[in-house]
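Labels for the chains are A, B, C and D, by order of writing; each one numbers its residues from 1.
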């Protein structure tokens, strides 16, 4: 059994309304040192695959097909073995 | 300058409708080996703080106040130095 | 170790515990005790309010179903009926505003389609502390986006409501949601168990550990510790509910079920007991057959879980396969979890083991009823002696008017209702902000229906009887102003702790006032909900009955909103 | 003319579109369940609004992988008329039939209100009954209508006159204030280069009858009928 961890973040240059809102509320709360906030997704997937490589390949495919939208997002994938 | 990385995930036992929907659609797409999907948030924050400890403390405070909803979510915080 | 016996932890009194022992003729086990505790909570059993609620007029020529079912039903002609009810989700919303409000909408919507009606509108009645407070703003915006988040996704328009800000709701906001459905009279389904041997199916979400003891939670005062009761808060899945609506209405249209019941407060325990109780049946279920989300759940947890978006179905003989087919089309699993029996016993099994066995009637009909003591409070006489004429006349009327208009209670509520999809289903002929009631067309007919929800806690506080009357009258007037004739009402009675004599007095007086107005105006009460224990640290909210009312417009082209239409039109003031 | 309304789990404006085509336009219409794999026999397809798959992950993302989509894409590539409204627009973006992507509204709030739209192109099957620069009033109801594309794509959209509707004030000015969601260049609706696929966030089906407060949306849907019947060209 493998666990895939996927980070999906907005590409540079794509504005992030959620991140901006969080930054603004931090400033309102008095945290002036907050410079930049970006909000992305973190997805954990349990994969019943034979090998780490197979799990990794599968995960990348899943990212390309569904988990990330290449027009606005990029992703990072990591696989660890779990029991 | 520090960069804070925050993972906000649903607590164990809290229903994750989003993860369930993604799992089901993977099954429909033929990825039968997908066992469990949990969707959380990944937040990156740039912090203008004096020390790593100060940045860390600030980030935890920010999580408690704004980034995570303690009723249903838990979070993990990491700080790295950046230029 | 614990300093309280376990029944008291569960909210039962020593006398109630003795009664349970009597009913069973033995000591209850933990599961059985839990089942009694939730069924005998105020939330499910109405043990403090039932005698007073009897004062409401509940019949009329158009009433098809009065109180007692999941929702009330009134005839609107052409073999059509409106099915509607209002319900509170105050305590969950105080702890987690978004999910609390969202699951409140989910629950009331289930009550409507359970009856075989297509939900056509949602209304919301909201009360918070002063808006200047940071926590209040958090609660307010969370509740509004929770209602929108759930209702919008379902594709049911949220068409009317009200918002008040008042000190008395600071620690205990009120979140009442109403749903109105439209049904063909022939399709109305009741929550009854079928013949002996009929299977029982659960469909929808898997059962998790969430919300265990939510019903007792709703029947307790909020205190500093409430924050620790957090697992009682559930996360809603409106997408699942949308699938359930479509699938359930499809099986009703095909006439495949005897009865249907949503799983709300007290989960499976309540749904099964109520369904069996109506037909004087017994029931045997196996918790191992209930699809779960988590491993290692005990029978107690399965029976008391309040996981959202689940339905209990009693199929007609031979229809299980067709039902499965329909659910499968919508991507839903349906599982047979047990059967109807003839012995009047609610038997819970875990595989071969009997985990609990209680008489259905013990959970339902034998729930104790209390006649609480009512006592007129001192404040009432004091406030009554107040002479409004003793107030000084404003020096600057312009300023006074501006101040009034700037009050959050009078100001435009656009910020709220623009977060709600109030137009989906393309029936909303008078949208929020244009009149004091919403008007919906009924496609294919000349007629229309008008909907409103109203209450005024301050008035009821000052004079519960007249305040109760006023709530009914205001709703009726709001409907009349759109050109509708009021047909029937539903109500949500939000009060403090009924064990306090002055709170019970407020309750009784307000209900008497509402009943008097309802009788006089010939607007029967067809459904409702009671929410007691709305207190923070011993301080009760204003007594706040909220009235939801539906009306009928014979010719929708004749509806009226509140805008002035033409130059030189006359302006008349009537009544007063 | 026969319309098909594609129904995904979670679609909720499907019945509204069906009603308007049948009762207001007076044309034939049928639902197409998302698990079907053919759209044979239909002259135009509507992807209705709603929350397909609960809008989980990204709006329109899961629906864009539905079994019906290959047939729909082929239909579009052969020149068939396709209109995606609100969630339907989001699905068209995710399926790659239209360029760009949707972000959350800049207010981060769901917004339901009537907006003004400026008609930017009338040489499309969806606007042939309208006037250039005409201002329409059409309701929106969405939480993610903040259209995004990079500058190159925007230039291309402008060069090919693919921008069909923009948010504007009553006089037709495309101001920042008139933009309800922060969308790039006030974009409310675009067509593909071949002009047979339209995606728009506002809901024409919600303003096709006077009882609902206006009929501007009627002309958008009626344009499709006129175009199909050859009355527009």
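Rule of thumb we're sticking to: a residue touches a chain if its C-beta (ideal position, glycine included) is under 8 Å from a C-beta of that chain, and two chains touch if they have at least 3 such contacts.
No experiment lies behind these values; they were computed from the predicted model shown.
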Between C-D and A-D, the pair with more C-beta contacts: C-D
Rounded Å distance, chain A centre to chain D centre (Cα mean): 30
Computed distance of Cα centres, chain D from chain C, in Å: 37
Centroid spacing, where centroids are CA-atom means, of chain A and chain C in whole angstrom: 39
Interchain centroid distance [CA atoms averaged], chain A/chain B, Å: 9
Numbers and ranges of chain B residues touching at least 2 other chains: 17, 21-22, 25, 29, 39
Multi-chain contact sites of chain D, meaning residues that touch two or more partners: 53-54, 56-57, 62, 65
For chain C, residues that touch 2 or more chains besides their own: 237, 239-240, 331
Chains touching one another, given as label pairs in label order: A-B, A-D, B-C, B-D, C-D
Residues of chain C defined as touching chain D within the complex: 145, 148-149, 152-155, 237-240, 242-243, 329-331, 417-426, 428-429, 431, 441, 443, 556-557
Touching residues on chain D, where the partner in the complex is chain A: 57-58, 61-62, 65, 93-94, 99-101, 103-106, 108, 146, 148-150, 182
Chain A - residues contacting chain B, complex: 1, 7-9, 19, 22, 25-26, 29, 31, 33-49, 58, 62, 65-67
Chain A residues within the chain D interface of the complex: 13-18, 21, 41, 65-67, 69, 71-72
Contact set on chain D toward chain B in their complex: 53-54, 56-57, 62, 65
